[in-house]
Amino acid sequence: MRHFLSTVDWSHEALDGLLALAADLKRSPLNDALRGKSIALMFLNPSMRTRTSFELGMQQLGGIAIVLQPGKDAWGVEFAPGAVMDGDAEEHIAEVAGVLSRYCDMIGLRAFPGFKNWSDDRTDSVIKSLAQHASVPVINMETIVHPCQELALMLTLKEHLGQLARRKFVLTWTWHPRPLNTAVANSALLAATKFGMDVTLLCPEPDYVLDTQFMEAASSNARASGGSMKVTHDIEAAYDGAEVVYAKSWGALPFYGDPEREWELRQKYRHFMVDEEKMSLTNHARFSHCLPLRRNIKATDAVMDADYCVALDEAENRLHVQKAVMMTLMGAAP
Amino acid sequence: MRHFLSTVDWSHEALDGLLALAADLKRSPLNDALRGKSIALMFLNPSMRTRTSFELGMQQLGGIAIVLQPGKDAWGVEFAPGAVMDGDAEEHIAEVAGVLSRYCDMIGLRAFPGFKNWSDDRTDSVIKSLAQHASVPVINMETIVHPCQELALMLTLKEHLGQLARRKFVLTWTWHPRPLNTAVANSALLAATKFGMDVTLLCPEPDYVLDTQFMEAASSNARASGGSMKVTHDIEAAYDGAEVVYAKSWGALPFYGDPEREWELRQKYRHFMVDEEKMSLTNHARFSHCLPLRRNIKATDAVMDADYCVALDEAENRLHVQKAVMMTLMGAAP
Amino acid sequence: MRHFLSTVDWSHEALDGLLALAADLKRSPLNDALRGKSIALMFLNPSMRTRTSFELGMQQLGGIAIVLQPGKDAWGVEFAPGAVMDGDAEEHIAEVAGVLSRYCDMIGLRAFPGFKNWSDDRTDSVIKSLAQHASVPVINMETIVHPCQELALMLTLKEHLGQLARRKFVLTWTWHPRPLNTAVANSALLAATKFGMDVTLLCPEPDYVLDTQFMEAASSNARASGGSMKVTHDIEAAYDGAEVVYAKSWGALPFYGDPEREWELRQKYRHFMVDEEKMSLTNHARFSHCLPLRRNIKATDAVMDADYCVALDEAENRLHVQKAVMMTLMGAAP
């Protein structure tokens, strides 16, 4: 039995296999591979694309998805081992994982970090505790990484660029009114380096560099794949010659849990918004974003509406790659 | 490709075709016309009948419905073109419509007006922006009109009265503790006049007359269909000889966005509640309401429990007419 | 047509028939017995197991479940007959039951008591009003009893113990930070006595004894089944020789609606938590709980993780017994 918690645990070849299956499913979306099977989807945070694509994908494979929102329509969950549960949570992940493993054939979880203590959150303990207590495969629907998004991004880039090795991929920090989760940024680095791209991380200053575990994993990926990884704070140098511009906003980790102080830093960087002028510096780059995206904050209307914006393709590909993941985890891939 | 946004865009003949198909589906509810198809149902407001009937109807046609509540389980949505999105909304209808068009074969939207500025809300810009950005058919699940309710009402009246032309249809305003949406009232006028009925709008005083665009469209419908449309504030004259009494409460448009001042007007009119005494003035009229209905506020228990109350028939017919709409929009009608 | 509101209305033989069918469905989970059928599931309170098992169970029988949360995603509901509805509720159970009976083939309801006035809540009037107004079978998903849980518990005990008659069953009150619903405690008494077990109700003092209607029904069950029923406040005497320990926390009925005064009583009884020391007094007893359970509050980690804990089996059996109930109510049992 295998989980899909992070692409760190999956080889380039295995990920390529998922993408190949996803491309097949995109051409031929309906089958009965998971007939009578089910997945429980637990959302601790809002979702539009993830929920829709998993619900629909499971249906297109003959199965069913059950959506649960612990703390809202279902009981609040405690994740800490050994807790004396006299707080808000009515049940422990041990039972939640155990029960859902009896009912369903897979479990998905979205659990954004708590934005209080990064040294805790960086261990990704919430989804790991689910995987520990579950007896069925677990799928990460975004925690501090977002591996399903990685697959969708890579499928989209392959569709548009063909071969990815040594193509210049820029991950740019963008403005947003609040400090957001780093998951998609971490994942973009992991994926692009694993597929051999020349990756530039553009962010306003060193405080916005991502967690060392992901910086090091990405560097390691780059060494193994023949790609490269570097960091810059120079907007023009980053965009120059880029073939992919991938945007995401995130919070500065040294100020994690302290949004007021983070704001003092952040407020100076509205100009990181992606616009046509910046895009004109690139080598006819495709632009993408995981969505949701605030228009005219993260990227201008002109960028979002341009032919080079492939964000809708990436969103669509969520459906296809997740079907491939589910079939593979269930041993139902051809 | 065609949307179902308002019956203003649909001819009497086309609507009659939908009703005929709905009657067939009522006799024979299960088929595979939409096998493998899906509809995304976006609710910005609560729903019981609409959601249940769409979810169930899609299932009965072999498809699946995905329910999304932007701002609750999904991200908040901005509808204004060109907005600088530094408010609450995390994504724009351009992306929401684009993504859902990639996943699903149809999109339904419930978006009650904002109750702040009628000159904005009367343009129905929210659902129009969805239709503009969607590449699949869009269905109105209630905005400032409620076309699915219109079809259910007309099917119900045909079942009970047979021929509808020149039958006296009274739309009566009723009491309710708050100023409500005018959508069902607007729609009742549009539908009854399109089907050639002699329509009387009964409301307490001129401030409760509906928006001119719907009054004029209803008058125009009446001229085309051989029916008629008039307004009265005289309860007895309205009920006299009525063959259908249709009740709805709504807010006075001149006080839109100002519920305190509207209350000064409203508080005088509790006696517009539908009761047996008023019903006794009619020509054995059927009574109906779109539901939800506050008993002993809008209508008495005696009226709701009477044989002449056909509100449950109308609610049931929502299922059948919406299946007919979905099959027709998907080109799957016989 | 028959409802499943309380096991009080069902004979031991009829319940045994449901368990036999459940055991068959556990071995062979997929069939088409309810193809094209639907159930509306109304939740006035949170749920994890109940919702997942009903949604999944209906799907495994070829049908569909529609989940509604009145007051959240659907309109608030008034249950009192004759109410002048000028409060929060937008519609009456008469219409809700009537409409859902038109759409769906069964209706489930979870409606915890109001925790204000036990003399009202003890009549179980909310689900009775649903059953009165519905024209399809109604299933109790927990009100002041929880009959689906009873079936799951009995199936689990049969799996582990074989013959249940004269086996010592201890229902123990446990600590919890708040006074909870008595439903599962009431139901445990009803079920264990109906199946002929020797039942001991262990609670801290007489104020925690359950409502007379359930105490009397359980005594009556015991007389008919050849089992027995007694109450004790002596922890060691209760655990001594037990073959089943079933835990639940509930509020003291004399202080119903007054949690501050109940707390004065309650705070003294943290030591009722189930732990290994207490379990060592038993005759190799199985331990179970309906879940959700607060670890290290109601029971220790060691108890929950022990081989003798069968709470996950009981949770799993919810799925199988509810499928049996639905098939039986629909006349689709073999």
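Letters are used for the chains, namely A, B and C, taken in the order the chains are written, and counting of residues starts over at 1 for each.
Methods note: a contact is a pair of C-beta atoms (placed from the backbone, for glycine too) under 8 Å apart; a residue touches a chain by one contact, two chains touch by 3 or more.
This one's a predicted model, so the numbers in the text were calculated from it and none came from an experiment.
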Original post:
So if I superpose chain A on chain B by CA, what angle comes out, to the nearest 5°?
Top reply: 120
Subject >> Shared interface numbering between chain C and chain A [over half = same, under half = different] >> reply: different
Original post:
Cα centroid separation between chain A and chain C, in whole Å?
Top reply: 40
**OP:** Send over the residues of chain C in touch with two or more other chains.
**Re:** 72
**OP:** Quick one: which bits of chain A touch chain C in the complex? Just the residue numbers, please.
**Re:** 36, 38, 40, 64, 66, 68, 70, 72-75, 78, 82-86, 89-92, 94-96, 98-100, 102-104
Original post:
If you look only at chain B, which of its residues touch chain C in the complex?
Top reply: 29-30, 43, 46-49, 51-53, 55-56, 59-60, 69, 72, 177, 291-297, 301, 304-305, 311-312, 315-316, 319
